[in-house]
Amino acid sequence: MKRMKSKYEIFREKIKVILYGTDTIMGRMFDLVLLGLILLSVLLVMMDTVQGISQKFHTQLLIFEWIITVFFTIEYILRVISIQKPVKYIFSFYGIIDLLAVLPMYLSIFFPGASILSVVRALRFFRLFKILHIPQISHQSSQLREAIEASKEKILVFIYFVLISTIIIGTVMYLVEGKESGFSSIPMSIYWTIVTLTTVGYGDISPQTPLGQFIAAFVMILGYGIIAVPTGIVTAEFAKSSLKNNVVGTKKTCKKCNAQLHFDNARYCYECGTELPIN
Amino acid sequence: MKRMKSKYEIFREKIKVILYGTDTIMGRMFDLVLLGLILLSVLLVMMDTVQGISQKFHTQLLIFEWIITVFFTIEYILRVISIQKPVKYIFSFYGIIDLLAVLPMYLSIFFPGASILSVVRALRFFRLFKILHIPQISHQSSQLREAIEASKEKILVFIYFVLISTIIIGTVMYLVEGKESGFSSIPMSIYWTIVTLTTVGYGDISPQTPLGQFIAAFVMILGYGIIAVPTGIVTAEFAKSSLKNNVVGTKKTCKKCNAQLHFDNARYCYECGTELPIN
Amino acid sequence: MKRMKSKYEIFREKIKVILYGTDTIMGRMFDLVLLGLILLSVLLVMMDTVQGISQKFHTQLLIFEWIITVFFTIEYILRVISIQKPVKYIFSFYGIIDLLAVLPMYLSIFFPGASILSVVRALRFFRLFKILHIPQISHQSSQLREAIEASKEKILVFIYFVLISTIIIGTVMYLVEGKESGFSSIPMSIYWTIVTLTTVGYGDISPQTPLGQFIAAFVMILGYGIIAVPTGIVTAEFAKSSLKNNVVGTKKTCKKCNAQLHFDNARYCYECGTELPIN
Amino acid sequence: MKRMKSKYEIFREKIKVILYGTDTIMGRMFDLVLLGLILLSVLLVMMDTVQGISQKFHTQLLIFEWIITVFFTIEYILRVISIQKPVKYIFSFYGIIDLLAVLPMYLSIFFPGASILSVVRALRFFRLFKILHIPQISHQSSQLREAIEASKEKILVFIYFVLISTIIIGTVMYLVEGKESGFSSIPMSIYWTIVTLTTVGYGDISPQTPLGQFIAAFVMILGYGIIAVPTGIVTAEFAKSSLKNNVVGTKKTCKKCNAQLHFDNARYCYECGTELPIN
C-alpha cells in the first residue's frame, strides 16, 4: 500500500528529474543551461586574469561570477536535497567537484585572491559525458580507454627507462657544458634533457660547447626515434581491438563445423554454409 | 523535333566544353593555363607583401595582378553564362571561391589594402582535384578521407580531453609561475601549455621557477606520450582498410547477393549461404 | 655426509638471503630500504649542484652523502663476502655499478669535485628490475625489448640515411646562409639540421635569408614526414607480436609436437599433421 | 681459341677485381681503406670550416685534402681504365659522384673557395651499400623502400593538403599579426606556419596578439593531430608487408581442400591434415 506523497516529496522528485535526468525535455534543457554557465564561468575566471580586461571590467566580471556562484550553490543544495542518498553524492567524484566549484568564491570574501581557484569549475565539464549520453561517443571513448589501459604497463616501463636516461644524460651534460651556458645544476640539466628528448626544444637553454652540441644531437635523434615506442604500443592495441571488433568476430562459431573466424555480420558459415545465429 | 541551335547557343556549348570539360584537348589545356595563372596570382600577392620586392616592382606586380583579375572576371562571367543552371554554380563551393578570387581587386579601388584578400585565390587550387582526374590519386585521397573520417569521433573525444587538460595545467602554471615570467594571464598560460604539449616549444614563454620547470617536464612527457593516441587511432584505421582490401580477398564475389569481403578460403557466402567458386 | 657449518658460514648465508634474495620478508625489506637510499643519494648529488641549496646546506648534504657512501661500501663488501663466486659478481654489470657508486666519494678526498661522479648511483636503479620480480612487468618489458630488437636493423638503416641527409643538408645550409646567422661552420650547420629535422627547434640558430628559410621549411616537412618511418617499423613489430599472441590462438597446442601458433579454427597441426582437439 | 692476354690486360683485370670486387681479400680491404678515406676527407672539409681549427691547422688540412684528392683521382682513372664499358661507368650514378668528389679541389686552384664543394664526397658513402653486401641489411632496406614507395602517393596527397593549409593559415596570420611581430610578409608567415605545424617551433617569430596566439594554438593542435596521417600510412604499409611475409603466407594452398591462410613454416594443412609442399 503506497503512502501518499507529501508536497515536499513531489517537489523533490521533480527537482531530481530535472537535475539528474537526461530523458525529459526539462532535464535536457537544464543540462544545456548548466553547461553554458560552466563554460561562461570558466571564461570569466580566465578573463579576470588578463590585465587589460581585468582593469576595465573588474566589477562586471565580479558580479557575473557571483551570480553564477549563487546559481551553482542553489543547484548544489538542490542536488543534495533531492537525491536518495545525499552522503553518497557529496563524497562522489561529481559531488566533490560541484562543491569545489563554489567554495573559492566564498573563501575569497575572507582571503582575496582565492577566487582564482574557481577555475576548478573546468572540471565540471566532465558532466558533459554524463549529459551527452550519445552511445556512439561513449563507445568511442570506452574504446580509447581500453586501448590506453591495455598499454599502460608497457608505457610505464618505457617512461621508467626514459627517466633514468634523462638523469644520466642530464648529469653528463652538466659536466660537459659547465655553469656558463644555462646548465647551472643537474636538475636544470635534466630539465633541458626532457625539453630536448621530447622534441619540445624551447631554446632557453641550449648547449654552447662542440661536445655538448654533439651529445645534444645524439639526444635529439634518440628522442626522435623512441617516440616510436609509445606510439607503437598504443597503435598495436588499437589495431588489435579494431581487428577484433570490426573485421573478424572471434566469438561467432558455426555449430556444425566449428569454423570460427566469421565476420560480425556474417549470416552463413563460410565453411559449410550453415546458417549462423544472429547476434 | 530538335530546335535549330542559335549561334549563341553553339558558342555557349563550346565555352562550356572548354571551361568545365576535362576530356578534350582544349579543355585540358585551358585547365593547365588556369592552374598556372592561379599559381602566378598567389605568388604575386605574396611577393607584394615582401617589402624589398614591393618597393622595387610594385607597379609591375600591380599590372600583372590586374591582368589576372580581368582574366578571372571574364572566366567567371563565361562560366555563369555557359552553364545550364547558373544560380546553382554561383552558390556552389567553387562558384563562391571563383567570385571571391576577383572581388578583392575591385574593392581595392575604393579601399586600398583590400587587394591583400586576393590571396583567397589559393583556394582555387582545389580545382586541381577536379582537373587531375587521375583515378589512382582520387582513390588514394578517398582512402585517406575514409580513414580520417572513421577516426573522427575518437579524435574529437581525444581533443576534448586534451583541451580540458590544457585549461587545468594552464591555470596551475599561472598560479605557480606568477606574472613575472611570461605567464601573465590564464589564457596566456593555456597558450604556453598548448605550445609545450604539442612539442612545438617556441621558448618565448618558458617556466623560470623550479616547480614550474618540474610541471613543464611532466607536461612534455605527457605530450610526448599522448601523441601516440591520434597516431594509433589513424593507423589502426589505415591498417584495417588495408587489411580489408588486401589480405581478405576482395576479388571473390558472391554471384547471388554480390557480397564481397570473403575470406580467400571461404566456400560459402557469409551473407546468403550460396556456394562460392573455388579459386 | 654434510660438513657442519661454521658460525661464519651461517652468517654468510643469512647475509646472502637478505642481500640477494627477494622471497623472504627481510630480503624484500632490505631491497626497499636500498632503493630508498639510492633515490635519496641521487637526489643529494643533484641538490648539491643547485647553487641556492648548496650554499645553505652544503655541510648537511655532505654528511648525508658520506653516511650513504659508508652504507653502500658495507653493502658492497658483504655482497662480495657472502656470494659463492665473488670474482664473477665483482666483474658483473651490477658489481661494477655497485663499486662505481661508492668510489667517487673516496676519490673526492684527494680530488675535490670528484664527488659529482656519485651520480652514477642512478645506474643502481636498474636493480629495481631485479627486485620487482612482478611477472607481468617483466613480461611487458621483454615484449618491448623483443619488438625493439626485431626492428633494430631497419632503424639502423634508417638512421644511416638520416645522418647522410644531415651532412648534405648541413653543408648546403652553410653555403646558403653564410657565417653571419649562426651557421658558422659545417658541423654547426649539421647540428642545426638535426635540431630542425627532429622537430626540436631550439631557435638558437635559425635561417635569416629567404632561400635558407625555404630550405629550412623543406627540411621541417621532411622531418615531419620521416618520423613516420621509425614509428611504422616499431609499430609493425608490436602489432605482429600482438597479433601472434592474441588473435591467432596460442592456447591450442599440438599434443604430439608441441607446436603452438595454430589458428583458432585449425583442425590439424601444421607441423606434424596430427588432429587437434576442437575447442 | 682464346687469345693470349697481354700484360696490360692482366693488370687491368687485377685492378678490376680490387676496385669492383668484394669477394677477394684484396677487394674487401681496398673497400675498407676507401671508406676510411671518404670519411676522413669529409671530416677534413668540415673541420676546415670551423674557424678555430682552420686558423691553426689550415696548412695541414690542405695537405691532407690534396693527398686524398690525388688518391681519389688515381682511383677514378683506374676505374675508367679497368672496366669493360668505361662510358657507362662515367655516366652512371657512382661514376658522376666519383668525378664530383675530385673536381672541387682542382677548381679551387683557379677559384679559391671552391674546395668547400668537396663535401659532395659525402655522397660517396653510398658505396657503403655496394660494399657491405650483407644480405640481411639489403633485405631490410629493400623492405623499407617498398613500404615507403607503396605509401608515396598517399603521402603526396597529404603534403599537398598541408601546403595549401600553410598558404591559407600563413595569410590569415599575416593579416592578424601585422608587420610588428615578425610576420613581415606572407612568405614569412607561411614559413612560420610550417615551423609551427611541424612542431619545430624555433621561436624566432611568435604571435604577439591574443587572436594570433589563439590561431597559433589551433595550428599546433592541428599539426599535432595530422602527424598521425603520414605515420598511419607508413605504418599500415609496414604492418601489411610484415603480416604478409611473416605471420601468414597467402601463397601456400592446400591441394586437397584449398585452404589458404597457412603459416610460412606450416607443413600440414590445418584444415584437412594433408602434407603441404615445402617452399
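To keep things simple, chains are lettered A, B, C and D as they appear, and every chain counts its residues starting from 1.
Throughout what follows, contacts are C-beta pairs under 8 Å (C-beta built on N, C-alpha and C of every residue); 3 or more make two chains touch, one makes a residue touch a chain.
What you see is a predicted model, and the numbers here were worked out from it, not measured in a lab.
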item	value
Label of the chain whose CA centroid is most distant from the centroid of chain C	B
Same or different residue numbers at the chain A/chain C copy interface, by half rule	different
Where chain A and chain D are represented by their mean Cα positions, the distance between them in whole Å	41
Approximate Å spacing (C-alpha centroids) for the pair chain A, chain B	29
Overlap residues in chain D, where contacts from two or more other chains coincide	187-188, 190, 199-203, 227, 231, 233, 235, 237, 239, 243, 261, 271
Interfacial residue positions of chain C with respect to chain A in the complex	42, 45-47, 49-51, 116, 119, 122-123, 125-126, 128, 136-137, 140-141, 143-144, 147-148, 155, 159, 162, 187-188, 190-191, 194-195, 197-204, 223, 227, 230-231, 233-235, 237-239, 241-243, 246-247, 263-265, 278
Chain D-facing residues of chain C, complex	153-154, 157-158, 160, 164, 167-168, 171, 174-175, 184-188, 190, 196, 199-203, 206, 210, 213-214, 216-217, 220-221, 223-225, 227-229, 231-233, 235-237, 239-240, 243-244, 248, 261-263, 265-275
Of all residues in chain C, those that touch chain B in their complex	199-203, 231, 235, 239
